[in-house]
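Only one structure is covered here, and it is reproduced in the block below.
Each chain carries a letter (A, B and C) given by its place in the written order, and its residues are counted from 1.
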Amino acid sequence: MLIVQQVLNGLMLGGIYVAVAVAFTLTIGILNFLNFTIPTLFMLAGMIGWSVSFYGLPFGMSEPLGWIPSLAIGILCAIVASLIVERFTYRYFKAKHGDATEHAIPLVSSLGFLLIFEYMILIAHGSDPRGFHTPFGDLNWRVAGLVISIPQVVGLIVSLAIVAGLSVLLARSKLGRALRATAEKPDTAVLMGVEVNRIVPIVFIMTGLLCGLAGALFAVNYGEVSPFMGEQVGTKAIAGMVLGGLGSVWGAVAGGLIVGLTETFSIYFFGATSAQVTIWGLLLVILLIRPKGLFGHNAIGKGKF
Amino acid sequence: MPDPILELDGVGKHFGGVVVLQDVSFHVARGARHALIGPNGAGKTTLFNVISGVFPPDEGTVKLNGRDLAGVPSRRRIAMGMARSFQNIRLMPHLSVVENVMLGQHARQGLLGQLKPVGLLPQARERRAALDLLDAFGLDAYPGQVVANLPYGIRKKIEVVRALMAEPELLLLDEPAAGLNPTETAALRDFLMEVSARGVTLLVVEHDMPFVNSLCEHVTVMNFGRLIYDGTAAGVREDEAVLEAYLGHRRKGATNAA
Amino acid sequence: MSGYLSGVIAILGINVIFAYGIFVTAAAGQLNLGGAGFQAIGAYGAAILSLEFGLGIWAAIAAATVIGGLIGFLIAFPILRTRGVYMVLATFAFAQVVVGIVLNSNYLGGSMGLIMSDYIETGAIIWATLGVILFVFYLMSTPMGLAMRAVHDDEPVADLMGVNNRAVQVAAFALGGAITGLSGALYAYYFGFVEVQYFNALLSIFVLLYVLIGGTQTAWGPLVGAGFFTLIPEALRMGEDWRFLIFGVLIVAMMILRPEGIVTRDAVDRIRARLSPRARDA
């Protein structure tokens, strides 16, 4: 039973990684851009959500808000932040060099934004973890000796539902076709009438939304947020994305869940600090055997820097 | 043909189900100026890639100086006397002109030569050799400049000089005249004549027929991955198969192939 | 020399050496986002050799450098199987594993760290830094350095010019591992202790930023990049958090203003031309 419990815990934890890993894989699959601000977008949603629920809106515009509007504002801020990054990294370099993925420029720029967002929050709220309370934070479902946290189950389902919706969107809709065309050959997509300039912000909005939702789910599930939650979750989400293979949405899902399971089992069998070795060791081994991840597209992410 | 430098025998290559080269056999004579022509998609660049070892042929053999090149990695072929240029200029964009040319010496340097601080010694033998070669072809005006900033025609010539720095016996040139204006083309022709006068064998892929006629005495024509003509430059204009390849149908009395 | 100034110079020296270790692979076209891992190998290597095996200061530092080089050599083979983003993240994973192993090993002090029994002064770091700078300038002036830059610019053409790309890349990784290891060993001996928390993911990110923002085209880049980003925050004299915030703003601004790094080939050529009119044809 303990093992089954660990599997459940691993899947719940993996659900958080899945949403962030999918955000990573979308930007790299469609725009060939490793966007390092993604972990901080996740953190922004959680921390701003907490801030609004604790202090209210800035400049005394409101009393502390309830947890739902607070998290909604947090998610909104993540989307806005994502669009700011788009404006000053991707769009800017596209305009200047004709190729936004030239060298490591947008990657470096996104690392700059990672520092900016993270330290803005640190300056505003300090480095301590903050409790985030929801009415059903401790709601558990006990069945056959297993403890199942209901918010976590809901979180996992929401996560998977978003990803499923996203993959349907990519496969079926007109927007999805435009996105896939942009991913395949941006120049040709322009010639075929795809308005790439309008598509790119949509990718960043989706990135902000996915990370924001993941951040909100994390806040509800674990009842705690911190300025470092992005680093802790974001780096593992990267591991999940690479495991699954860059550019593959379902690869990111599989990778995120594998990382969640690996982490839970590693902690269960080898202690709290062992997860870092097992997760990244697993990633190294997988890359050794399959240099493009489990389900990676052959052409994505191999361009030179 | 007496003393061929390059011998192709039954070379075939396919990518997936697409046959790109089929049973291509011809020789290049030592010291010749030999052209390889054909319509777009005839397989000329693929053949160059097979010869220079970018990928192996699926069938047939390639021999350089009588030695079978099967299994010889591409990076070793330059030391065996074969150098090439590229259809799109492939100079190193962040290196200066003289550094690009010095890269041509790489294959001839031993490990100790690799560790000589050439960049810190203005009078180093390696640098002098590169400057002299640039000088000999009238390119001594901008040795220290980064190549990305130079005009197209100049970069084309520098690419050939870089290949020459390797002291090759056989030089493969992939569309050297593409993108050049008539003045530049004429200058390139004179330049290649000088190269040839130094005893280097030239194998040239080219579309520009007047350029080919003025430079090369031997022509090989390919179409759809097959060899359709191999003979003198004069004879190519009379050849029925070549006319059909270029014009799509036989036209009695047509004299100008391209 | 005041204690403060000497401390800043020591940190600057360690960062400059660290940056050169990352630069050597970047110059050959490989981004190494695992700097913290290689530095940790050097630091813990020196600590263990000194504490457990009783090696003297310079013997331990030299041995730690060799160990860094050996591990760079060995890890190059699996890492070079991957390309592009996969490779960047493989190096990142490598660093995470190294630090994770330290964290879980009692022999290596775990999360408590190790305390050194010997120290070095700032002077020693200055000499080591000068040595590394001279070595990298020498390396980049050789045909070997030229081959590295050729591999960076265009691998297939470098191959056809006779360059053994794989050998150059492996050599760059080994050399980078050694130089980074040296910076770690100096760190251990200067601060008198090693703690695993220092070698975190942000450290790997920072050192790669020093190199990319300094510029990878010439050997001046890491010197300028590490110098700029070590000294500017000191000059600003602000709280730790504000420094990093401004660091972030500087990075974004720098990528907009000089995307190829502060020091580019063109810039060096222009400065040389101004210093001596004849140097242009050199």
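By definition in this document, a residue touches a chain if its C-beta (ideal position, glycine included) is under 8 Å from a C-beta of that chain, and two chains touch if they have at least 3 such contacts.
Listed by chain with UniProt protein names: A, C = Branched-chain amino acid ABC transporter permease; B = ABC transporter ATP-binding protein.
Note that this is a predicted model, so its numbers are computed, not measured.
Asker: Counting C-beta pairs in contact, does B-C beat A-C or the other way around?
Answerer: Counting C-beta pairs in contact, A-C comes out ahead.
Asker: What chain sits nearest the middle when you go by CA atom centres?
Answerer: C
Asker: In whole angstrom, what separates the CA-based centres of chain A and chain B?
Answerer: The separation of the two C-alpha centroids amounts to 50 Å.
Asker: Averaged over CA atoms, how far is the centre of chain B from the centre of chain C? Could you give it in whole Å?
Answerer: The computed centroid separation for chain B versus chain C comes out at 41 Å.
Asker: In whole angstrom, how far does the Cα centroid of chain A sit from the Cα centroid of chain C?
Answerer: Using C-alpha averages as centres, the distance is 30 Å.
Asker: For the complex, which residues does chain A have touching chain C?
Answerer: Residues 28, 34, 36, 88-89, 92-93, 96-97, 102-106, 108-109, 111-116, 118-120, 122-123, 231, 235, 238-239, 242, 246, 270-271, 273-277, 279-281, 283-284, 287-288, 291-293, 301-305 of chain A touch chain C in their complex.
Asker: Please give the residue numbers of chain C that touch chain B in the complex, ascending.
Answerer: So the residues of chain C in touch with chain B come to 137-138, 140-147, 149-150, 152-154, 156-165, 217, 265-266, 269, 279-282.
Asker: Quick one: in the complex, what on chain C touches chain A?
Answerer: Against chain A, the touching part of chain C is residues 29, 31, 78, 81-86, 88-90, 92-94, 96-97, 99-101, 103-104, 110-111, 155, 201-202, 205, 209, 212-213, 239, 241-242, 244-245, 247-252, 255-256, 259-260.
Asker: So in the complex, the part of chain B that touches chain C is made up of which residues?
Answerer: It is residues 52-54, 74-79, 83-84, 86, 90, 92-96, 99, 102-107, 109, 113-120, 122, 126-127, 131, 143-146, 149, 162, 166 of chain B that touch chain C.
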